[in-house]
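To start, the structure under review is shown below, and the notes come after it.
Chain lettering (A, B, C and D) follows the sequence in which the chains are written, and residue indices restart at 1 in each chain.
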Amino acid sequence: MIAGIIGATGYAGAELVRLLAGHPQVDRLVLGSVSFEGDCIERVYPNFLGRVDAPLVKPEEVIAAADAVFAALPSGVGEAFAKICVEKKIPFIDFSADFRFDDDEAVYAAWYGKQYAHPELRQYSVYGLPELNRKRIIAGAAAKQVIIGNPGCYPTGASLGAYPALAKGIAGEGCIIVDSASGVTGGGREPSRSFHYPECADSVSPYKIGAHRHTPEISRNFEAMTAAKSGTGIRPVIFTPHLAPMNRGILSTIYIPLGEAWKSKNRITGAPRPPAKETEEKAEEIRSVYAEFYRDEPFVRILPADTLAATNRVRYSNFCDISVHLDQTGTTLIIATAIDNMVKGAAGQGVQNMNILFGFPETAGLTAIPASF
Amino acid sequence: MIAGIIGATGYAGAELVRLLAGHPQVDRLVLGSVSFEGDCIERVYPNFLGRVDAPLVKPEEVIAAADAVFAALPSGVGEAFAKICVEKKIPFIDFSADFRFDDDEAVYAAWYGKQYAHPELRQYSVYGLPELNRKRIIAGAAAKQVIIGNPGCYPTGASLGAYPALAKGIAGEGCIIVDSASGVTGGGREPSRSFHYPECADSVSPYKIGAHRHTPEISRNFEAMTAAKSGTGIRPVIFTPHLAPMNRGILSTIYIPLGEAWKSKNRITGAPRPPAKETEEKAEEIRSVYAEFYRDEPFVRILPADTLAATNRVRYSNFCDISVHLDQTGTTLIIATAIDNMVKGAAGQGVQNMNILFGFPETAGLTAIPASF
Amino acid sequence: MIAGIIGATGYAGAELVRLLAGHPQVDRLVLGSVSFEGDCIERVYPNFLGRVDAPLVKPEEVIAAADAVFAALPSGVGEAFAKICVEKKIPFIDFSADFRFDDDEAVYAAWYGKQYAHPELRQYSVYGLPELNRKRIIAGAAAKQVIIGNPGCYPTGASLGAYPALAKGIAGEGCIIVDSASGVTGGGREPSRSFHYPECADSVSPYKIGAHRHTPEISRNFEAMTAAKSGTGIRPVIFTPHLAPMNRGILSTIYIPLGEAWKSKNRITGAPRPPAKETEEKAEEIRSVYAEFYRDEPFVRILPADTLAATNRVRYSNFCDISVHLDQTGTTLIIATAIDNMVKGAAGQGVQNMNILFGFPETAGLTAIPASF
Amino acid sequence: MIAGIIGATGYAGAELVRLLAGHPQVDRLVLGSVSFEGDCIERVYPNFLGRVDAPLVKPEEVIAAADAVFAALPSGVGEAFAKICVEKKIPFIDFSADFRFDDDEAVYAAWYGKQYAHPELRQYSVYGLPELNRKRIIAGAAAKQVIIGNPGCYPTGASLGAYPALAKGIAGEGCIIVDSASGVTGGGREPSRSFHYPECADSVSPYKIGAHRHTPEISRNFEAMTAAKSGTGIRPVIFTPHLAPMNRGILSTIYIPLGEAWKSKNRITGAPRPPAKETEEKAEEIRSVYAEFYRDEPFVRILPADTLAATNRVRYSNFCDISVHLDQTGTTLIIATAIDNMVKGAAGQGVQNMNILFGFPETAGLTAIPASF
């Protein structure tokens, strides 16, 4: 098949190039770039020398040639391309937020400050978190006209971490807190003071507290994942992103109130005590639920009790590592998840979606073994 | 005066050497080391060449010569030295957990796995967080026999961040979550796999979830800071530390349930919305409470609305930077604090305590201006 | 085929596991470890979870099962295993220095402080730099009894950088200076103060100036690569390694005196001037010689004039990137080379040697496309 | 006194603010900025909050108020300000290259592509490397009209490293190679792709090989430092800068051909051998010459034999650390120097020059003790 990328020179685009160039079912890449049209990818990214050798063409040429089109563009830019692809029955995998909210245009508008240019396209769109929506993605493929709203990086790690607890009734009511640290590639390729080496090296800092655009996406996912839906329709979520001095990776620590059935019987009310044996046993029980829940998922790893999620163990891979913990008061489930923000958090998940759409093995092109260091 | 350090070659000890060697009231340092006795500090730490030139002697010689003794030793080792100092009326500033829990030996025993060797010493000990206990520290100085239990690094950042909210009734009931990221110097000087460069570079990972020893110290501080004490005597706390790839600094993000009076009237119940104007005004109001609360504190900085706490802006200084935020649901106060774990989180706070004990200006030796990068 | 690794839990061993587990011709791995015998690799390195699942067995079991044996052991330990493999006609690929010096035991003894245990094994050994010795490696394979002395990391980058200049008579007489910076994985898995995060983060420092063991290996290679050998038999070399705060990679800057024919006619003798057009043309000419020289090499990339060698563009790949420059005085060729010290500098080169020995495509298992970031 | 800074919001300017705000003889700062005029320094750099509180004014206001003026501007911009200051007899300390070449305008023009706007100002200018030119700086102060051409960062580390060898006849004839690695702050405050975190983290790369503007400054210094000047007037120099993933620091490795008297009698001509005892003794002898040469210099530290220059040991200080080595062939002196590029390489050296000009203790405001980590 021929894979096309519109916006191939941004970071998500370049990561797609890397993954698709090594994909066994992809025969050829057609790469589009507005900024570098007429140049070639290995000049913009010399890391590709000798491995990828492709001119950068207009978006229209990408669509004309490709069997599947990836769009790695800012929100609000790609709808016109999506429309053409739907008409031509070419699967369209979109990395912006344009197709993540289905027909909930109000939420999109509130957070992204834009209206949909082509609202009707949402009848073809599926939110592309395979672990949640695999059946819908397959149905989209069958329907021939399909747009994938590839998930945001933070929502991927947060949602996969909470999913079993929500679906299996381990989570009780109340606000879920997602506290995440991201590597600097999350800020994209465009230089700015925030991502200038001397300003972010050797430092950790939060940003956009209570105001990050991924908040509604996380909240909506949590609701969709919950067995018995809440009356209000929406799970309250607090999401705090941090910037950490690393290139890749998102570590999310998720605080989920336990349901009554799962709370400690001997709840500690006085001074905190080190974890009791009961706590460790209960954590192991929940760990088993998680392992069972994700048993057939090729990219989710439930870590053993003595191993905590760490971003360096998933680097350059499509894995989401999950470690399961309980706080010492016996009231709160604490989940830590690690993903590579550019792979499972962006390009890799896009390839996973393509694989599902085309009936390829879901791991095709995504078999990288994470390095030990 | 002559300042003595027992355990001068560990990281906290070496940082004390740096700060005290530049302290205007300190005439001489006497440095003790068991591992390097007979050697000299500038051989162990060549960064001191030309600035500090001192032999490493036995602990007994430190006590014999010094007007104040700092002990930077593991927990459970320093009590014997504390006893001698109390008898000789030499102020003893202890960096271990041995004197942080006052007479609550049960908590200490549960978390540190040890009994007090000399329980009676707690009549002389004060928990050395000056912003909370300055009066008690001064009283200790007046009594001539005084032991300072210098606070842990995480509890310092966590406690200073929550203090005004607890003392001024902004915080409501319920669990407070403290999510922190620490630089690698927090692990000390002894090489190990966890702190081996290739294992922790370019990666973020949590550790000891629900089981870190600083949990009871944070919880106890929160209770002590609360205006109307809770019936149970203890505020439930969840504390999650992370290791981040930086040398110094602790960034703590603290989630505090708002009291009813402070909660948003127009609470959002549906899909999350970007922060409302009301939210920003309320955050500004709380920021003012914080600024007023810490008005006379020389080492606490309340940041303006558009500036978030970042560890690189306090590096090598004794500052605790605090930024004040509200989540978009209007129910939770989110405080971010940044300290240098080796300064305000250890050696600098020790020097601050010494200054108070001796009646020096509280900022003496701690006037470093943080660098911009 | 079945590939065996003795010393699978050190850094070079773990990197071999990663590469061989993804190798299309390798059906199974047999992993040996003395330190972790009885455990399994995915417990020691949890990054392998779900991808590699192998027990750690005794070296003898590795040899008994494998069609090829890799030994990632300290110098002086593996000869006994090599002997058995030669007897059993199993190719033995050794990562220590034991088989890098052929029969020049005096040089080995002087730098490694040991005698050969089985000197007669050198009749079977080949220095495994494929770009230099491919024919000899193939001949070894044909002879059925073969030991590969896999090159050191620094010598690989240094030698590939100088080879065309030496072989094509661009280099004149005189000392060649190799100034290199290595990532911290080069120090191996064992924690020590030198590689303790807080001691080497955010810092560059040389080490073992004029005394590093790779010096004679580099010097010997330079001599072997030289068209008209010098009378003395050995090219004088100065080699200075540095430690740089990165995980992987070696950047070598190599200063080679130009032969008379290549020196600038209009040599600058007064104050330095910016590079003349003539200089740039001559550099381009030499760049062409380099490109031609390595035309058929799958892992050497000669960079275009405006692209300088950088370690991040070869990360996790088996590439050696080379950029070609002239100093402004017109007397010295300056070559910059970048390799991943764990891949082309160790495990990847070992796999490349295995591929040659077994007649696999030379790039089998080594097709990773370097990421852009 | 009142110190003024034109260009206070660039990196060199901000570092000057930090150092001068803590300077015991500086009563007040007047800060100029074109980009941020009307704002205040602690808004642009929140690290200054609570320590420095100063509006950003026009350059003219700086000159009107200050007793000494620092200009941290790009080359070719500050001459007009220098002219006014000379006329008003205000010492002018310039951080650009405009006053580093004395009256050698041809060299300046060739490398910086500009002509002097006011060539006559060079009668007042002194190249401000105190260790070389202290007497001339003092003479300038006496003359009341003085411009300091503050040295470049690379030339500072390179020149201090070679000075004793050149002045004491240890160096022989021939090209000196300076191979340096710099932290990213050297690139300044303006964001660009080269200094974008994901592009330079975890990587080492050379840049501007044979073409860096600091080459003629280094060459000129070497000539000025040489005891018996060469006939040609200029020492050939090869200078290669590298970018390393750290915030601050320059590590320079300098290869100096030994004079005949210093070369090894038993020169090694065959395969390299580990350093002989004779080599170590000779290195110690040269180390003594270096120590004696710099005996009275407050900011140069000659390291003992077992300690190599490392940038983390001079961080935030005005020290230049020097370690002295010989290569194993006995022909070349290898000097490693470490400076903080923003302190001794820029702002700190500027303050040192101010101290000399005003008769303050040379270490005033520069007494920072480097931290151990």
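Some notes on this structure:
Quick note on the criterion: a residue touches a chain if its C-beta (ideal position, glycine included) is under 8 Å from a C-beta of that chain, and two chains touch if they have at least 3 such contacts.
This structure is a prediction, so every number in the text was calculated from the model and none was measured.
The interface with the greater count of contacting C-beta pairs, when C-D is set against B-C, is C-D.
Set against the C-alpha centre of chain B, every other chain centre is closer than that of C. Chain C and chain D have CA centres that are 36 Å apart.
Our note on geometry: chain B versus chain C, Cα centroid distance of 47 Å, whole angstroms.
Annotation for chain D: residues touching 2 or more other chains are 11, 183, 185, 198, 200-202, 245-248, 312-313, 373. Residues of chain C touching chain B in their complex: 11, 183-185, 187, 189, 191-193, 195-198, 200-202, 245-247.
Chain B contributes residues 11, 14-15, 18, 21-22, 45-52, 185, 201-202, 247-248, 301, 303-304, 307, 312-314, 316, 319, 321, 342, 367-373 to its touches with chain D in the complex.
Residues of chain C that touch chain D in their complex: 104, 106-107, 110-111, 175, 177, 179, 181, 183, 198-207, 209-211, 215-216, 219-220, 232-234, 236-238, 240, 242, 244-249, 251, 253, 255, 268-275, 279, 308-312, 315, 323, 325-329, 331-332, 334, 336, 338, 373.
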